[in-house]
Amino acid sequence: MSLSVRLKQQLPGIALDLDFDAPSGVTVLFGRSGSGKTTVVNAVAGLLRPEAGRVAVDDWVLFDTDRGEWLPPHRRRLGYIFQEGRLFPHLTVRQNLNYGRWFAPRGAQRENPDRVIEMLGIGHLLDRRPAMLSGGEKQRVAIGRALLASPRLILADEPLAALDDARKAEILPYFERLRDEVSVPILYVTHSAAEVARLATSVVALQEGRVLRHGPASEVLADPSVAPAGVRAVGALLKVRVAAHHKDGLSELEAGGARLFLPRISHRIGEELRIRIPAQEVILSNKQPEGLSALNVLSGQVEAIRAGEGPGAIVSVNTPAGVVLARVTRRSVAALGLEPGRPCYAVIKTVALAPQDVGGRVFAP
Amino acid sequence: MSLSVRLKQQLPGIALDLDFDAPSGVTVLFGRSGSGKTTVVNAVAGLLRPEAGRVAVDDWVLFDTDRGEWLPPHRRRLGYIFQEGRLFPHLTVRQNLNYGRWFAPRGAQRENPDRVIEMLGIGHLLDRRPAMLSGGEKQRVAIGRALLASPRLILADEPLAALDDARKAEILPYFERLRDEVSVPILYVTHSAAEVARLATSVVALQEGRVLRHGPASEVLADPSVAPAGVRAVGALLKVRVAAHHKDGLSELEAGGARLFLPRISHRIGEELRIRIPAQEVILSNKQPEGLSALNVLSGQVEAIRAGEGPGAIVSVNTPAGVVLARVTRRSVAALGLEPGRPCYAVIKTVALAPQDVGGRVFAP
Amino acid sequence: MEALRLSLRVSFWATLVTLPFGIFVAYALARWRFPGRQVLNGLVHLPLILPPVVTGYLLLLTFGLQGPLGKPLAGLGIVFAFRWTGAALAAGIMAFPLMVRAIRLSIEAVDPKLEQAGATLGASRLMVFATVTLPMIFPGVIAGAILAFAKAMGEFGATITFVSNIPGQTQTLPSAVYAFLQVPGGEAAATRLVIISIIIAMGALLLSEYVGRRVAERVAGS
Amino acid sequence: MEALRLSLRVSFWATLVTLPFGIFVAYALARWRFPGRQVLNGLVHLPLILPPVVTGYLLLLTFGLQGPLGKPLAGLGIVFAFRWTGAALAAGIMAFPLMVRAIRLSIEAVDPKLEQAGATLGASRLMVFATVTLPMIFPGVIAGAILAFAKAMGEFGATITFVSNIPGQTQTLPSAVYAFLQVPGGEAAATRLVIISIIIAMGALLLSEYVGRRVAERVAGS
Amino acid sequence: AAASLKTALDAIAPGFEAQTGQEVTMSYASSSVLARQIQLGAPADLFISANADWMNVLEQEGLITATSRVDLLENGLVLIGAPGEDSAEIRPDFDLAGRLDGGYLAMGLVNAVPAGIYGKAALEGLGLWDTVQGQVAQADNVRAALALVATGAAPLGIVYRSDAKAEDRVHVVADIPAELHPPIIYPAALTTSARPEALALLTYLQSDTAQAEFLRQGFSLPDG
């Protein structure tokens, strides 16, 4: 299911004018504060009626100003997680969670509420009202409310911003599951590179109401000229297969014949995954390294060197596992004599591949 | 100026019972969602009247239930950045920003509004009302409003959560300046390890309303058993001096005779800084590494090895620059034959030391 | 006391029957923009501005046995003239502006963003109203109803003009008070009636405050 | 028309002078818990419940030339009896419950979190009220004032009972209407007056709507 | 003065003002309201009541100058109906209930408003009260009773002759004989605090010019 969005809208601050088609999966909207992300999401939700445009999920048209079509928000079967919560203050947490379920059509595929409640860790809050919740608790209830509405389209506007890392790590897999198993299209706003890397099928980078760059996550993330969330987000996405789980708590992945080790992940052996290798975390060497604590060494050839701003450069290295990006200083480029075609080794720490960067099943992005 | 806090308060969710003294500077409250952070901040602000407790900044007592003292919130000279913005909807951005200034005493040390507005990037929003701002814009105005109130105590509840990395990088130095130059005590809630590392003088880790661990930032962060924001936050803080700025965009730091390179920073030569080296980013080697793109190699001896949960271990290495932490797999520990007393090399990527991790002037923590 | 029972019945029904209209009109005035909105708004306020006698007279002209509305309604078996239903109609109309204003203020205070949230979760406009707006304006509805009830208990001018004063049918408490006040020496009896009506109205007031506060607390927490 | 000018003056002053009290009482009822709160609440509603004639009579007893308050006030040069000031007093008292209710509802809708934010920024309770609460309840204050003004324009029973019906002093528009209605053939003149008062009140209503909407828009954005 | 005298007094007052150069300030309300105000110190000079009771009360309390009291006017009661209604004569065998045909008889409040009190007395005198008692719609004043008939809400009503005369939409069905009810008298008197000019007005009201106007309005003059 693909999401296509075309919008034109004049706001006091900026002129929104954008057009993108996102394939099935998670489309991440990326961009600086005030660049128009929430406005786009609101237009898709039908809370804002743009001057001109069209939004459709496959051939299910949500609105189309040319053809005068307009589906009111309540007919769009949304699960909208708002940037500011918007819980119903007069209902308990339980009633808030159930709200969407009251209106879902009978035949709708239903989430299991207990499972969602457990994942969000809000079981002990069910009888409270929103005024008695902490900021993060509110946000979690809001996530639950949207997920339990049996949505056909999920809109998530910085859903995890208020949460601690541990809680994020518990919730992210859920979005992955929605993306992969239930295949609900998800439009997801975030500033977090880790979330982008993990969830995004495609990324739309916005700048002042326009699309700056748009494409599969792996491409956009690998492009230092976009770096919508700052250089730290640059990284490569590799397709891998789970090869083995070792006793010492490591899992072994296989990618094009090469082996990668990382802390134990829960996926089954044989499962296909994708994994993000932040350019930041890769060290290059012109000799086979020895005696290093880093367990992952991929040999390959320099494909290209792109100088970024400042003293850094992004070196792409063609390895059997795929293209790996490394962010190094220009001084190192010179010292190691790196240039396109030169063989080299990419060294990746085992623990740099924390489970956070392991995505779900692989899709053609 | 040190902040001392003692509180007892029964809430439906949790029983708050904590006691900590924080030295001058930034005290970061850390803890999972619902652990009581906002409640503590509210008690310090006087928005909540705890059953028992005492809060004082040096000998300026804000309240003390034993002695029956209670300063109403408006007499506390606060700059409170709320978790949920709380802008005045009927005032323009400019009026919101000026609100605290109306009530500040004449003699108060005043921030320069233009400077704050520029830093926050809200100059073009001054005549709008909050309803017409994006989420991040609101948050920035809320920060400005608090900073411009000439506060004697700053309370910041996840002030940067809604902002993109680039914007965060612009605002963080401002808090640093407040900490270092103006020496206003700051109580700061965040989930972000980077912010903790950069700002925190001391860290108070909360768990279910109690103090789990409390101490100087360098200690708490180096303790994997706390890892309040997940293992990724573990890292060492080193005191360094700016030694040189090189033409190729790198800056050179000196620490106990050892040299560290990192992308150009703006600090003057000779200035003392502290720098965070995330354990995550350090590779260990039992030989002097060669031909690596990483420019920073510190030689030293293994001081201790603490196995964390999972397959990892934290190795502390005593180097001339100070103790450096490295997070490696237990498999590597075995492969490299690491044990206390063994000499080894800590390899740190240049770009891993991005300016984000460079703190301001050094204080005795 | 017959007048008391009647007054209670009249006020109760006047409040109850007008409440849905009051909510509807308040919602329309607060949330919709339509031509004639200001006319409707003016019309609603009319009974407040007009001397009650005039309102009563207009009612008599419209809903009287020969009136343009009274006649067809009488054909349907709905007779207002000289019935307690007429007293309720008069009381309801007199109380209407108070009710609408209170409810409208509450509706305007509900954040449309919450209504939007309801819509994204699949609730139609009507359901959003029933599940979000209505519960949230409950204190306003209570306030409106209590104002209306109190007003209805005290209404006299329009009632007596419209449906006269027929013991057992339309002689409400205020009519009785009026009658006592007209004759020398009737003060004692009038005072008694006044005290009764004060007690009743205060009771209703206290009850409404209590209910309103309970609801507000439930929402605000703590 | 003299009655018109007088009515406007009476209503205007009645509204203006009671407004601060109305705001204060509404705030006290909405935000403070104090003993006697319910008594105050009941007292405020009293004029709504009582037949206007009774209210007027009570005013006459209290503020009349011989009344326990009227006498000392007269000594101070403040005379209500049979003056337009008395008409204003009666109108103000009759309108008071409406005003208080509207304002109170608005106050209850203001999020105390915003008031807290004001306090943390150094504003004392009074300043928080002036800079946060008051501007935010502006629509409610407008609504309260307009209700009060309309009520004052239409008030008759208490006025005529308290200060009689003296042309140029206390003969307000509704009293004049009453007088015309009492005599054969006075309907035409009464109708004229009624139409005038409708026009005036509608004008005030439209104005208040306009002001209220402007304020609301300013706050809501767009 | 009683409100029902408004038209007449408004017509008469200018003559008095022209003649004497005095300014007259009128206050019209119901007799009970005015009487109470006088009890509580209203600055009134002359009080004209629509019935004797309230005047008696004031006289007992010493608030009016008893010697100045005169019966200024009289009025009569009529039975009115819609314009097409047949005229009739009021007699004890008059089928009032039949005429009502299930409708209501509009009157003033039968134990509060003078016209109601008098009307009830008359019907009792005729022995008709019991037959219609349940069908009496009591209005708070005569004009309201008149309006009930005028708008067709009630087929018949009992009102003052002076009121019936001015309303085109009703028709006098029958005069009610004066002997059936106590005399309907409008007494006038000076208050004890009256200024001297008030006496001149009271005198003027009894002059021929004034009385002609009263007669034109349907009032009658007391015998003697």
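As written, the chains take the letters A, B, C, D and E, and residue 1 is the first residue of each chain.
Note that in this section a contact is a pair of C-beta atoms (placed from the backbone, for glycine too) under 8 Å apart; a residue touches a chain by one contact, two chains touch by 3 or more.
All figures in this text were calculated on a predicted structure; none of them were measured in a lab.
Trainee: Work out which chains are contact partners of both subunit C and subunit E.
Mentor: Touching subunit C and subunit E alike, sorted by label: D.
Trainee: Using C-alpha centroids, which chain lies at the maximum separation from subunit B?
Mentor: Between subunit B and the rest, the longest centre separation is with E.
Trainee: Quick check for the class: compute each chain's Cα centroid; which one is farthest from the centroid of subunit D?
Mentor: Centre of mass proxy via C-alpha means gives A as farthest from subunit D.
Trainee: Averaging only over C-alpha atoms, locate the centres of subunit A and subunit E and give their separation in whole Å.
Mentor: That gives a centre separation of 90 Å.
Trainee: List the centre-to-centre spacing of subunit B and subunit D in whole Å, with centres computed as mean CA coordinates.
Mentor: One centre to the other, that is 56 Å.
Trainee: Distance between subunit A and subunit D based on Cα centroids, please, to the nearest Å.
Mentor: Distance between chain centres, rounded to whole Å: 59 Å.
Trainee: How many angstrom lie between the centres of subunit B and subunit E, each centre taken as the mean Cα position?
Mentor: 91
Trainee: Residues touching two or more other chains, restricted to subunit E: which are they?
Mentor: None at all.
Trainee: Among the residues of subunit D, pick out those that touch two or more other chains and give their numbers.
Mentor: Correct list: 53, 57, 178, 181.
Trainee: Tell me, which residues of subunit B touch at least two other chains?
Mentor: In subunit B, the residues touching two or more other chains are 84, 128, 132.
Trainee: Can you give me every chain pair that touches, using the contact definition above?
Mentor: According to the stated criterion, the contacting chain pairs are A-B, A-C, B-D, C-D, C-E, D-E.
Trainee: Name, in rising order, each residue of subunit A that touches subunit C in their complex.
Mentor: Residues of subunit A touching subunit C: 45-47, 72-74, 76-80, 82, 84, 86, 88-91, 99-100, 102-104, 128-132, 145-146, 149, 155.
Trainee: Give every residue of subunit E touching subunit D within the complex, in rising order.
Mentor: Going by the criterion above, the answer is residues 3-8, 25-29, 33-34, 36-37, 40-43, 141, 143, 162-163, 165-167, 217-218.
Trainee: Inside the complex, what are the residues of subunit C that reach subunit A?
Mentor: Interface residues on subunit C, with respect to subunit A: 113-114, 116-125, 127-128, 131-132, 135-136, 138, 218-222.
Trainee: Considering only the defined contacts, which subunit D positions touch subunit E in the complex?
Mentor: Its residues touching subunit E are 53, 57, 60-61, 64-67, 81-82, 160-161, 164-171, 178-186.
Trainee: Spell out the residues on subunit B that touch subunit A in their complex, using ranges where they run on.
Mentor: Contact set of subunit B toward subunit A: 12-13, 31-34, 37-39, 83-84, 124-125, 128, 132-137, 139-140, 157-158, 161-167, 169, 191, 193, 229-233, 246, 248-250, 261, 263-264, 280-281, 283-287, 289-295, 310-312, 326-333, 335-336, 347, 349-352, 354, 356.
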